[in-house]
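Below are two complexes that have chain A in common, paired first with chain B and then with chain C.
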Partner chain A sequence: MEEVDVEPVVTNISGIRPGKRMGFAWGPGDILVYETQNKASGPTGSGCAFIHVVRKDEDIYSPILRKLFNESHHIFVGLQTIKDDLPSKSKKPQFVSISRNYRSVIRACMEELQQAAGELLTKYIHHVSILLAIELIWNLCEVLFIDAAPAGSLLLHLLDWVRLHKSDVDEKAKGVLQSDSPAEHRDYWDVVLSYVLQGRLEDTRKMLMKQAMLQPAAKSMYKLMDSLLSKMPFYNPGGTQTLTEFDVKWRNWHEEVDRYLKDNSFASNQHLEVICKILLGDEDVLLEHKELLSTWYYFLITRLLYCHPTVKPTELHYYAQSSMMMFLDSGVPEPLDSILLAAFEFDIHQVIKDCSIALNNWWFVAHLTDLLDHCKLLQSHNLHFGSNLREFLLLEYASGLFTHHSLWQCAVDYFDHCPEFGRVYLELQIERVPLDTERKALKVLRICEERQMSEQVRSICKIMAMRAVRNNRLGSALSWSIRAKDAAFATLISERFLQDYCAKGTFSDLDLIDNLGSTMLLSDRLTFLGKYREFHKLYGEKCFSDAAKLLLSLMTAKIAPQSFWMTLLTDALPLLEQKEVIFSAEQTYELMYCLEDWTFLFHSFNTNQTQLALARNLASAIVKEGTMQT
Partner chain B sequence: MFVARSIAADHKDLIHDVSYDFHGRRMATCSSDQSVKVWDKSENGEWHCTASWKTHSGSVWRVTWAHPEFGQVLASCSFDRTAAVWEEIVGESNDKQRGLSHWIKRTTLVDSRTSVTDVKFAPKHMGLMLATCSADGVVRIYEAPDVMNLSQWSLQHEISCKLSCSCISWNPSSSRAHPPMFAVGSDDSNVTYGGKVQIYEYNENTRKYSKAETLMTVTDAVHDIAFAPNLGRSFHVLAIATKDVRIFKLVPLRRESTTTGPTKLEVQIVAQFDNHNSQVWRVSWNITSTLLASSGDDGCVRLWKANYMDNWKCTGILKGDGSPLTGSSGQPSAMSTVVGSSIQTSQNALNGMSAGRIAKRASFAPPLRQLTSPKINQSPAYY
Partner chain C sequence: MESAKYVSQKVSKARWRPVSSSFLQQPEIFATGSWDNEENKISIWSVGNYENSGLEDGFEGDPQLICENKHDGDVLGLQFLDQERIVTASSTGAVTIFRHHHNSQTISVSQQWVKAHHYPCDNAPCTAVVCSSPEIITVGEDGRIIVLRADQDCMAQVIENADSSTIHAVTYLRTTEILTVNSIGQIKLWDLRQQSNSASQILSLSGDRVPLYCIDRHPNQQHIVATGGQDGMLCMWDVRQGSMPSSLMEAHSAEMWEVHFHPTNPDHLFTCSEDGSLLHWETSSHSDMPSFLQGSRNSSVTSRSAMALAGGNQSLISAWLNGDSSKSRLETTHMLPSQTLSVNSLDVLGQCLVCGTDGEAIFINKQVPV
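And then the complex of A and B:
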């Protein structure tokens, strides 16, 4: 496959001296460059530099084009969900309809760009011309590849294609018709000829009528022309006439027109003669009207219309090549020409390749290739990294979207439909979405959770938790750690909570701690925190025996941090000193054991008060339990 | 491509490194003026310097961000033979209003006896770990076991590479199939000393790093080295800046379970570009490893891309033209024109349409062909 070789584009950076080495840094969607030098050992005193932010000519930042991206995203997702069980043939109308949807989105975008007034218009002109070209190419691809019309219908579709993209004739016609004497308007004959070139014979006849009225002397000539125009056969795909029958009819008509030309029926009227020659497909005459045709592909279609209306798809390339050569003369084909030629040659891969090279946005090639792939029109090449062309292009396109602050969400769907590498690309890029707000973080998380991207979920939650800890928002940090299932971090934050309590005597973020539920089981320390708070609640509600039981279990379960043991014992004191006996004898024994254990470690600590209280309690408890209730 | 904006870096001397943070919202710059500056990007895309402080007593060669999972942490390395770790402290509210933040030094790593030429944090799955390399030919790997206490770093490994080191790159792969790995480049210019790129791999059994491979074909001084982000591939891709740009593929070979040494790597050269026609100083991959950038003494930054057949090509060049900076930032050249028509012709095509016309199906003419097409100015999307 020959490649359109394009020299790399040079971008000049003002403010950097030529020949000076540059340093650079890749960023999301841009690259930073700056002037630098050899690793000199010391200060060079050569002053500071500017850092230049260089970006690709990114269309994703254009607000009008954004609509294009958003709406085509819908169409794309719809296309992916078409059931695969039906044979491709019966899905053709669906594919054609989707193709038309894409095209109408392009056109809507073009219209909007056109209506942009003022200085914006100059900025958008290039966008419009690109979209024009894109729609032209896409339409042709639809006609040739997706609709894949057979001989007969093929020409009719191509005729539609050309008419759609060459409609300045209507503007001209309007101007002519609105004038006082249309037949004498200077554009009159241009309009007539344009109609003929487009095969719009009805319109031609109507126009010629006006001229005929002005030239009563040539009445018979005009009548003849009118008759010839009216008799030109057009193939009717839905009709009963076969292609062969049509061909015969057409040849007969062609011969008739030829006869009239040869016997000089139109010799006295140069214009009518020209029309006659066009009807016969006279290439020289056609080429004399390059201005009206304006493009070689228009020339091609007109040529086919009047020379070979039953052209088969396989014959197109020959006519296309010769048309291009004849029309362009010595001119060099432009990228658009090569692309269209490749289409006429049914070389889909070449079309895609050339489009990729000529356009700086992957949107077009990605969506078109995807559609063609669904139509099973792409042979699967074995690609180097195991994926295929469709996926390669979609990945490129979606990666480009990812740097945009809102379009990245569309990109997710594209990755979802790339079976080989979509997931790993998504994992890599979704981590980089800046988590500006909690809301955005939750949005990103939801996307990751839906796809079981557990590592990304953990990482994002950890980042948010860390950020919260640094800003001393312990409650937020805790809930993020829990979400990350990060036991270690949850432990850390629980410690901080407990330290805070020791310092201030109260808990912050009570709501969160009170509603931990089963999540408190994530880490021992967290469980302790939750249960300890519960203890405080019970105590506050004066449910002393429950509080006591809980306190005891906290001590014996050994989930309390060492630093907290004295605090717990101190918490037990008021319960021990209540008038009513709260701790049973057995419970008191357990408390005593704990104290004994811990005194070993807190040997410097004065536990006299606690020992005394425990002893007293034990005594009371024994008495209470030993007393018979009468 | 176009210059979207230019930031006055305000350093008093040469800038040696610029580093974006993980999310692309902050950047750090370091300079021969011995300071580091941290910049924050506002919502409208403007960069503001939120911190600037002296970090070393010599030129600062590199600055790098740790993964945000560890908080806001920077590491810098310098000619003064040290590397340092810095953490941002959330300041007083009035500081925040003034858009300032404070960074404090958490530790100084003083083990090197010569200029520390590079510092890089290890992939996050390895914990908070960093590697430094020095002109004395030693790579040092430090770890902070307690993420909440950044003042405690311990030297875990000291690896002598025998040659003066200039750059180091960690393999970002977190796949279980790939043990931790880094590549180190040497700027020793004596070509008889053999391969200037060494690959080291961590061995779970010996708990040490051992040399897995030396790239013997790289005999000239290496100035920069970069592993590409791993996209689920089984092999590794490494870019090297030396007298030219080279891209290597390192394929781990399956080995017997009985061997205890590092993985055997098959080394293949994927591409070699001498377009810079001079020493290449930096190479770096973009996030998806689809683009490689290199800068050389020819005063250019070149962008390299592989098409779907893995053929590499230069897709763009950035070069200084010495023109003075204008006040306004550049304008994009918009979408590239495919037809190469002039603005005038497009204007005509558009003028043909009346603004108020609302047709059911808007029909447009493709721009008129010029007999002499203007030079096509576009950035090819090389696929």
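And then the complex of A and C:
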């Protein structure tokens, strides 16, 4: 048994009086909790009349976050359909673009939350910060794991990563530039330094030019700084220069800057000197500007940029650990920090584990793990309960979705792509979707039929058919039993019709019975019903011989229910008593046989009249048939 | 170009607000109804063409929500009664008229028939609504057809037990005649002037009784009707001729939820389905030579079409009734970029198409090639 990683969070149930005992029951995504006196027997006194539903995940009920779930579902389904036969190298750009899609969905959601935050400030700020963190982590995972850039490009991607998440620089810069005298703005040097820290040297040069114009005396110094900034080499992955060549060039530049610092070229201007030191990667100076850096990973990237731009992926974790320790003097990392550190250490499983604990919703880990799995980055080790990590997370996420009154439809696709247990989960969950309208039942049925879940189809159709029968909608009930190919239920419905006929003497719902068509064959009773109605129609149209033939076949085919035999015989009487002979001799014999067969069942049945009619008919038939031969 | 807007609710119905008769005006306002939410809503959106500069051509701005109102139960039917009023059919059996107040941009309930459709001891969902102001016709799972009039609380006409199974859709054939489709695959024609409880005519497909879910009438040739049902087949019927469909076309791989002829350009037809696709059908309007010039030898031409030339008076036979045969060209295009969850509803007006899906997205295309 694993130990608990973090202390469990305590939730107070406001409705339960303090000091009272609680009873509970697990649900699919929540717990039902109630106050209990916990007495085995004896008088109990007044209890609390409420049951409380405690939900762990309330994110799925947020209208803005819902868009996240829907859009990512779309991307997820698209990802699963990428063919497996291509070599993974050519699929990398596809995976990167999918990762970017996910991230843009997160960003869109975040922006919308931020816009809405005006009215519901406190409620959404929490979500915004979580989404920010999620996007940060995802972006880093994309850079390190999916894109997996080698040394050289790695730093460039990391620089982009930091720049993307530190956008307050641009806001400050805007404020400075829009002022009357930018170079004298109080934030001016902050902006310049921030640009340098982010490696945005072009922007730095432009800003410095404004200062240079104000200080013509120090012109040469500014010119020198400008030339140093312009000469800093950046690795070009698409170019012809190899990494070693770049390294050499960079070292040369580094030495040049060092030389200028050492011979005090910038001594008279404190700011420029600081810039120079930063360019040399002086850690103490960097640490002096903690507020501008604001996070240890920003510090890390800057450090790498100016000390070791050709850092290899495998070397990252040394620098990451040391950067974190240097930056955080309090020493206690937050969950986000340890997750990022785990990422820099290329410990994917630790990242996933920490994220699972820190977030209350499986969305992030499920999708990220799925993507990483597609990139073949996860070693498949089986968990104790039989499926692999990706499947486990997807199942947890989808199960959580299924508890939502609306998002359950998205969850179905997730279950589809869990090869081992997805089907079982789906079978259990889909039966519990409440079916208020026919339309919803039809959609659920379509889901079941597409996956050949015949058990579930039968059970859903039966529920709907029973409901229809209870409301006396026999046509609906019949259409449900046809869908499920449920002969037993069709029999039940036919019985109802026949009972109605016996009670009222006419058929109800003629539009249904008259137009049964081939569905008649679903059940014997149904066939009987259809044919019996046909008999009545033929009789009504005075096609007596056809009617007689039909009636006879109904009796001999033995599909009539016992309760109807008497009725059938009674129906034969008017045909026997017609002036014209309708039943042939052969047919009359059969009728007599039937009567004999059935008489012993109906002891009180007065057969005299029928026997007489049959005998008379037989006589006439024999005469008629005898006559025809001449 | 379609743009998808995610709206955090599964969209069961989407309808354009009718535009005034000025020919060139494109619709700008549409209404949607949601379903399967704890709190369902009816919402009104606008796709006005503001901020034209800077946008690439074809890509329109997102629809903006103008106003919305709570709706009790799933919105199973939605129609604009006029420029201000919308009628909805609810899964609780209620029929509601909402009024959109243009000045305050709000929407409120104007009139409601709460238990219009019901079972003896329970609610019955009202499945569809169609209107021709001020008359409103609704049908439901209880097999009733109800005729209402806006601004009158009592029900003008109720046909009890019109059908033994659920009536899924209704459409006007003529001003006093309607067509309904049900779960046992029948189209029934009702004449509202005769206060009778049985249909004037019943049409159905022989063989399997596949439930039908949608029906639409050709805007100009009123005898031509299209239906779609559980098997995703598009059927074309001629209501004057017998009780069999004129042509059957394989359209979708799952239930077809809505079928619409384009109101002004009826050579175009649109269908949407549970399988997540929206198809645009286009038929060539007429065969190369007008059929009345082809002479009598063409009477027994195609196997599918049961049409006979009626004495030469009849003008060109609609290509719809010929279906997929060699006599007419039929082109189908998918209108949505990729597979989505079920497309529940669509509406087309002018060159604009709007549809709503179970993926909680609305797609709008303002340059439909018609």
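Points worth noting:
Rule of thumb we're sticking to: the second predicted complex is superposed on the first by the 585 of 630 C-alpha atoms of A that agree within 3 Å, B and C clash if a C-alpha of one lies under 4 Å from a C-alpha of the other, contacts with A are read in each partner's own complex, and residues count from 1 in each chain.
Definition applied: a contact is a pair of C-beta atoms (placed from the backbone, for glycine too) under 8 Å apart; a residue touches a chain by one contact, two chains touch by 3 or more.
The model shown is predicted, which means the values in this text are computed figures rather than measured ones.
Legend: residue contacts after superposition of the two complexes on their common chain; A:Gly19 is shown touching chain B, with no touch to chain C. Within the superposed three-chain model, A:Glu438 lies in touch with chain C and out of touch with chain B [touch as defined at top]. The partner of chain A that touches more of its residues, comparing chain B with chain C, is B.
In the superposition on chain A, contact is made by A:His74 with chain C only, not with chain B.
Looking at the shared chain after the overlay, A:Asn471 reaches both chain B and chain C. In the superposed model, A:Asp509 lies in contact with chain C only, and not with chain B.
By the touch criterion defined above, A:Ala487 lies against neither chain B nor chain C after alignment on the C-alpha atoms of chain A.
Judged by the touch definition given at the top, the superposed model places A:Leu573 against neither chain B nor chain C.
Chain A residues 471-472 lie at the interface with chain B in one structure and with chain C in the other.
Contact residues of chain A toward chain C in the complex are 63-64, 66-67, 70-71, 73-74, 77-78, 405-406, 409-410, 436-440, 442-443, 446, 450, 471-476, 478-479, 482, 508-509, 511-512, 515-519. Contact residues on chain B toward chain A in their complex (touch as defined above): 1-20, 22-25, 27, 29, 31-34, 58-59, 61, 68-72, 79, 88, 90, 115, 117, 124, 148, 174, 229, 231-233, 281-282, 284-288, 290-291, 293, 295-303, 308-310, 313-326, 332-341, 343, 346-347, 349-350, 352-353, 355, 361-369, 371, 373, 376-383.
Residue ranges of chain A in contact with chain B, taken from their complex: 6, 8-37, 39-59, 107, 110-111, 114-115, 117, 121-130, 132-133, 136, 163-168, 170-171, 294-295, 331-332, 334-336, 339, 352-353, 356-362, 365, 381, 383-385, 387, 389, 392-393, 396, 399, 421, 424-425, 428-429, 431-435, 455, 459, 462-463, 466-467, 469-472, 492. Across the complex, chain C meets chain A through its residues 6-10, 12, 35-38, 74, 76, 91, 119-122, 124-125, 127, 141-143, 161, 163-166, 182-184, 186, 188, 198-199, 202, 204, 206-209, 211, 230, 254-255, 274, 338-342, 358-361.
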